[in-house]
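Here you go, one structure.
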Amino acid sequence: MSSSIIERLYASIALTRRVEEWIADIYKSDSIKSPVHLAIGQEYIAAAVIDHLKQSDYVCGTYRGHGVYLSKGGDLNSMMAELYGKETGCAKGRAGSMHLVEASKGVIGMSAVVGTGIPVAVGHALAIKQQRRNDVVVVFMGDGATEEGCFSESINFAALHKLPILFVVENNRLAIHEPLHKRWAADTLTERMATYGIPSKRFLEPDVLAIHQHSGTLIEAIRNGSGPAFIECNTHRWYEHVGPHEDYDQGYRSLEEGDSWRAQDVYLTLGEQLDSDVKARIDENIELRIQAAVEFAEQSPFPAPEELFNYVYA
Amino acid sequence: MSTPNTLRLIKYVDALREGAEQAMDADKSVFMMGLDIDDHKGIQGSTTGLVEKFGPERVFTTPLSEDAMTGVAIGAAMAGQRPIHVHIRMDFLMLCMNQLVNIAAKSHYMYGGTVQVPLVVRTMIGKSWGQGAQHSQGLHSMFAHVPGMKVVAPSNAYDAKGLTIQAVRDNNPVLIMEHRLLYGTEAYVPETPYTVEFGMARTLRSGDAITIVGVSNMVMESMRAAELLAEQGIECEVIDPVTISPLDFDAIEASVNRTGRLLVVDNGWLNCGFSAEVLARVAESDHIKQKIVMKRIGFAATTCPTTPSLEDAFYPNPKTIAMLAYQMVTGKQDWEPNSESCQLAYQSQFKGPF
Amino acid sequence: MSSSIIERLYASIALTRRVEEWIADIYKSDSIKSPVHLAIGQEYIAAAVIDHLKQSDYVCGTYRGHGVYLSKGGDLNSMMAELYGKETGCAKGRAGSMHLVEASKGVIGMSAVVGTGIPVAVGHALAIKQQRRNDVVVVFMGDGATEEGCFSESINFAALHKLPILFVVENNRLAIHEPLHKRWAADTLTERMATYGIPSKRFLEPDVLAIHQHSGTLIEAIRNGSGPAFIECNTHRWYEHVGPHEDYDQGYRSLEEGDSWRAQDVYLTLGEQLDSDVKARIDENIELRIQAAVEFAEQSPFPAPEELFNYVYA
Amino acid sequence: MSTPNTLRLIKYVDALREGAEQAMDADKSVFMMGLDIDDHKGIQGSTTGLVEKFGPERVFTTPLSEDAMTGVAIGAAMAGQRPIHVHIRMDFLMLCMNQLVNIAAKSHYMYGGTVQVPLVVRTMIGKSWGQGAQHSQGLHSMFAHVPGMKVVAPSNAYDAKGLTIQAVRDNNPVLIMEHRLLYGTEAYVPETPYTVEFGMARTLRSGDAITIVGVSNMVMESMRAAELLAEQGIECEVIDPVTISPLDFDAIEASVNRTGRLLVVDNGWLNCGFSAEVLARVAESDHIKQKIVMKRIGFAATTCPTTPSLEDAFYPNPKTIAMLAYQMVTGKQDWEPNSESCQLAYQSQFKGPF
């Protein structure tokens, strides 16, 4: 594994991790007046897959989308301003954390209605095909989202039309607080996807380099017309479903489980593989960017009330 | 916009097809998708020939997956395409409500103006021959309720073509509500592409006794009612709103201010619907000083029954419209048009199967 | 195979076949003012499966539901009256052919919105479980219905809660005129269902006795708490999608395909296995019943217009 | 129905839970399903403890499959059970529209009275703290539009309990629209089971200057507006319709006939909505001879923005309500209440996360 890959992945994961840790901190001050769904502990999946994308490719995340947005090159300042509800936000303060978007970077607008982004992402893949472009789409979703009918409908359509899209399930085995066994008849999603005739693979461990390599191979094939593919990554959400706290004390899951995932924290393990000065440089740069973004967000103006009626119609 | 040129008498169904065809000719980002649009029946002829002309990449059927297919159309629209998504019945839109209401209507606003959804949804209301509960609904009010959506309702072939082309050019989600019974009706339609502007009502008949606003095929029923009333010396002003949202309220307001009476004939249920909206706007209007006599008529407040004996009572028709208007104008209930004169030719053109 | 089974199956299939042939005939006279979707050629599936049910069990069919209704013991007179829009119809003329119902015989109301009956049938299975009853549900659907998201959602839920329901797909490889290959990414539905951990089996041929036997075994197991099961039966629709005619001349499918299915017409092959006088008795009885039903329907009154507002609320 | 007995001051959220609990105690065919109802947060407390008491067969979470789960609830209802299906946001009902509109609302009629669907759908409107476009919608008008559905909107803890119990006993699909910001509000609520009848509005304050009809939490905002107006010598009659469909129009009509003015404050968009319906009925009424001054106020005709600076302008509030009513009564715009007096305590109780 080349050290530049590890460097890139670390930088991407560290950026999301640190941004979200900052968000958790700031959140307690009530400056962010919008729900935040942190992906702390799960960042490596988006980072690994998105590392293979170019600017004109698309990604679609969910309301838990800071990492997807940042990994794809979404502007940190305008994301932070968006969380603060400022006019300089990526959606001019209309969206908040749950609906990040940055069209110029291929970040499809995210949705807070679970599952709805999946067919929208497939639609982008259809457009790519119709426009004879060389691009691909990667759509990220939770395990819960796969229970929505539109997920099955979307997979079938994408496979039928051999659309250039990679489906990535971040299976943290929770939907809010509900465990998988209360929602899935069988833990066989990947096998099921294979029945659509698309390459389907599951990663039980947070093996970021394996995910990176495999998704690279898939994306390359998709770019060359193979049609869609699917990966499922078991993972773990460190924080509460929504909000800035951990919540192992709430009894719906065990701290032991959390500890075992923390012991494999990709952020740390990758960081350890870097030269300490390389790592320090990356880390410092990240802190500076975040500080600047927070300052930018704080100093930006709120939208003026008179602007309420802007953007209802295009 | 463009000047009408050679006019031909063509059918509503053909006008729909021609509008789409010319929109696709003009802009290669326009494509059409929807269950059964490429089969030999071609959505009762309204899509016939398009797959042959434009090929299966621009004209294709879908799986029975209305929800995801709507999301796909939305996504394609966001990425620069201009999809026309066809549904053979409006009732099936209930499966797409989430994508239409929560994504299509909201994206431009929610994403701070950075995203557009130039999506056209074509959808048809069924009527008679046992269409029944689930193939007959006029659900335009639900969509008009949602900011970000536009809803148009062509009542004739001219508007069918012009609104289709305008809908495709519009950068917002536009729902075209068509009516199965209108498919066979004819009007003079220009050969070349033209648009019908949104938010411009059309006054089809002038009169000073009462303003009748009819939606979709209720325009035809209202026109016949107006003829019957004219024989009684009552001159109705008949207005076709053409587009439900945006609504040209100015035209209605001006007319009502003249006639002092308003009857809205809707092609859907009344409760919390378009007919209520029109009455409410009149009631709120600062330009109307007099007390206006107002009534509404539309689908009966029931599920649509299949049996003809009940279905006949479910819908407004020239007789019930005329009698209600007569009563509003004269205050009397001493007149009933004879039933034959209330028959409308276009209604008997349709016969099962669908 | 005991001759009484063959007799029963023949009687059931012949009833549906002859009723639908009558309907096709009558339809041309415009007495039936409602769309009719004929299942001619497909009747054997419902007949075979429903043969194992008792009155308190439920079935759910589709707008193509005459056979399901009749096989479950739905009253022929009130079905015919329903098609005529008469007050004596099974839904008092409010429903027509697409929405047959007979609660007292366990015939769940059918729906003309494809796929919608599936979760409703699952709901009946949930009620059975909650009420600690010994009954089962069989839900029939077309291949097209399986493309609707609610199908996947329903299967998952039924399997998760081990509900007493058998899913039966009548795969005539058409949705209206659209062939399977324009709608399915892969012809692997049965394999996909198996991934939910439920017994899943496919019948490529119209082998009515095999379907009968297998569904009997499944229903027995379901009754004993095994949870749901799935079967897919390839079949062929002889008539046009809706209406009283054949339509091989329309070019969307070949007459050869039709001929190969007709050559295996279960109605004929079962009939041939019967004693000719047994068959004659059954046939005669059927004709008499149909004649009586048509007479009943014709002579029944239409609902009075004043009744329009009945049944809006219970 | 039953006589209120021991009264306690309890919260709306607890009243909701108590209503469900007592309904489940009384009838073992009642069960509750819905995403997250059995977790430690218990739908903000409104379902807490129920799974412990009634067990996982009668209280269970579902997969994220709103469409099918609604069908499942409908099917169970048809087969004799009485499901309560809970959704944490009304916006998610867009995924269930097909089952609710095409099956639940229609079955009794479509099947000729042979089938009943005693289904209760509990659903909550979110507001403030960045709920935004997809967690804030009041979509009651869409449901009220459909014959066969009932829609109720408790504005206080007493109604929350009584309507819940009545909804469970009703043999039709009933949608309970709750409001997140009301969850913490308190009222005196009887301990034992009781019902609040559908179709009976409640006059919360009497006055002769103007009739204000408020929906859901807009009842609270209207009451404060009325207090502010009283200080100006303007006495408002404030009516809580309690149920949106059926609607007690008689109560509104009688009041409007007295006051001559009507302001409807809706908790949703205006266009083709409930507020339009109320105005339309007044406009149509044969019992009202005078010209009534009528206005509506509700959600701005936009998607709901997350940022507080715009969100504040999106919703009606005591100030905008009072100022509009003042103008309607006096014809003048020369008064503005001070902002502190317009703050409502119940609004600041809510803070993110949801």
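Each chain carries a letter (A, B, C and D) given by its place in the written order, and its residues are counted from 1.
We take it that a residue touches a chain if its C-beta (ideal position, glycine included) is under 8 Å from a C-beta of that chain, and two chains touch if they have at least 3 such contacts.
Model, not experiment: these values are computed from the prediction.
Novice: Hey, what chains does subunit A share as contacts with subunit B?
Specialist: C, D
Novice: Need the CA-centroid distance for the pair subunit B / subunit C, whole Å please.
Specialist: Their C-alpha centroids are separated by 36 Å.
Novice: Using mean C-alpha positions as chain centres, tell me how far subunit C is from subunit D in Å, no decimals.
Specialist: 41
Novice: Provide the C-alpha centroid distance between subunit B and subunit D, rounded to the nearest whole angstrom.
Specialist: It comes to 31 Å between the two C-alpha centres.
Novice: Give me the residues of subunit A that touch two or more other chains.
Specialist: 89, 93-95, 99, 111, 113, 147-150, 153, 156-157, 160, 182-184, 312
Novice: Touching at least two other chains at once: which residues of subunit B meet that condition?
Specialist: Where subunit B meets two or more other chains at a single residue, that happens at 62-63, 65, 67-68, 91-92, 94-95, 98, 102, 109-110, 132-134, 147-148, 301-303, 305.
Novice: Can the chain contact pattern be summarised as a line, a ring, a star, a complete graph, or none of these (other)?
Specialist: Contact pattern: complete, every chain touching every other.
Novice: Residues of subunit C touching subunit D in their complex?
Specialist: Touch residues, subunit C against subunit D: 58, 89-95, 99, 101-103, 108-109, 111, 113, 116, 118-131, 149-150, 153-154, 156-157, 160, 310-314.
Novice: Show which residues of subunit D lie in contact with subunit C when the two form their complex.
Specialist: 29, 31, 57-58, 62-63, 65, 67-81, 98-99, 102-103, 107-118, 147-148, 150, 171-172
Novice: Within their complex, state which residues of subunit D touch subunit A.
Specialist: For this pair, the touching residues of subunit D are 35-36, 39-41, 60-68, 91-92, 94-95, 129-135, 300-303, 305-310, 312-314, 351-354.
Novice: Please give the residue numbers of subunit C that touch subunit B in the complex, ascending.
Specialist: The touching residues are 30, 33-36, 85-86, 89, 93-99, 111-115, 144-145, 147-149, 175-178, 182-184, 240, 242-243, 250-252, 302-305, 307-309, 311-312.
Novice: Applying the document's contact rule, which stretches of subunit A touch subunit C when the two form their complex?
Specialist: 147-153, 155-160, 182-186, 188, 191-192, 195-198
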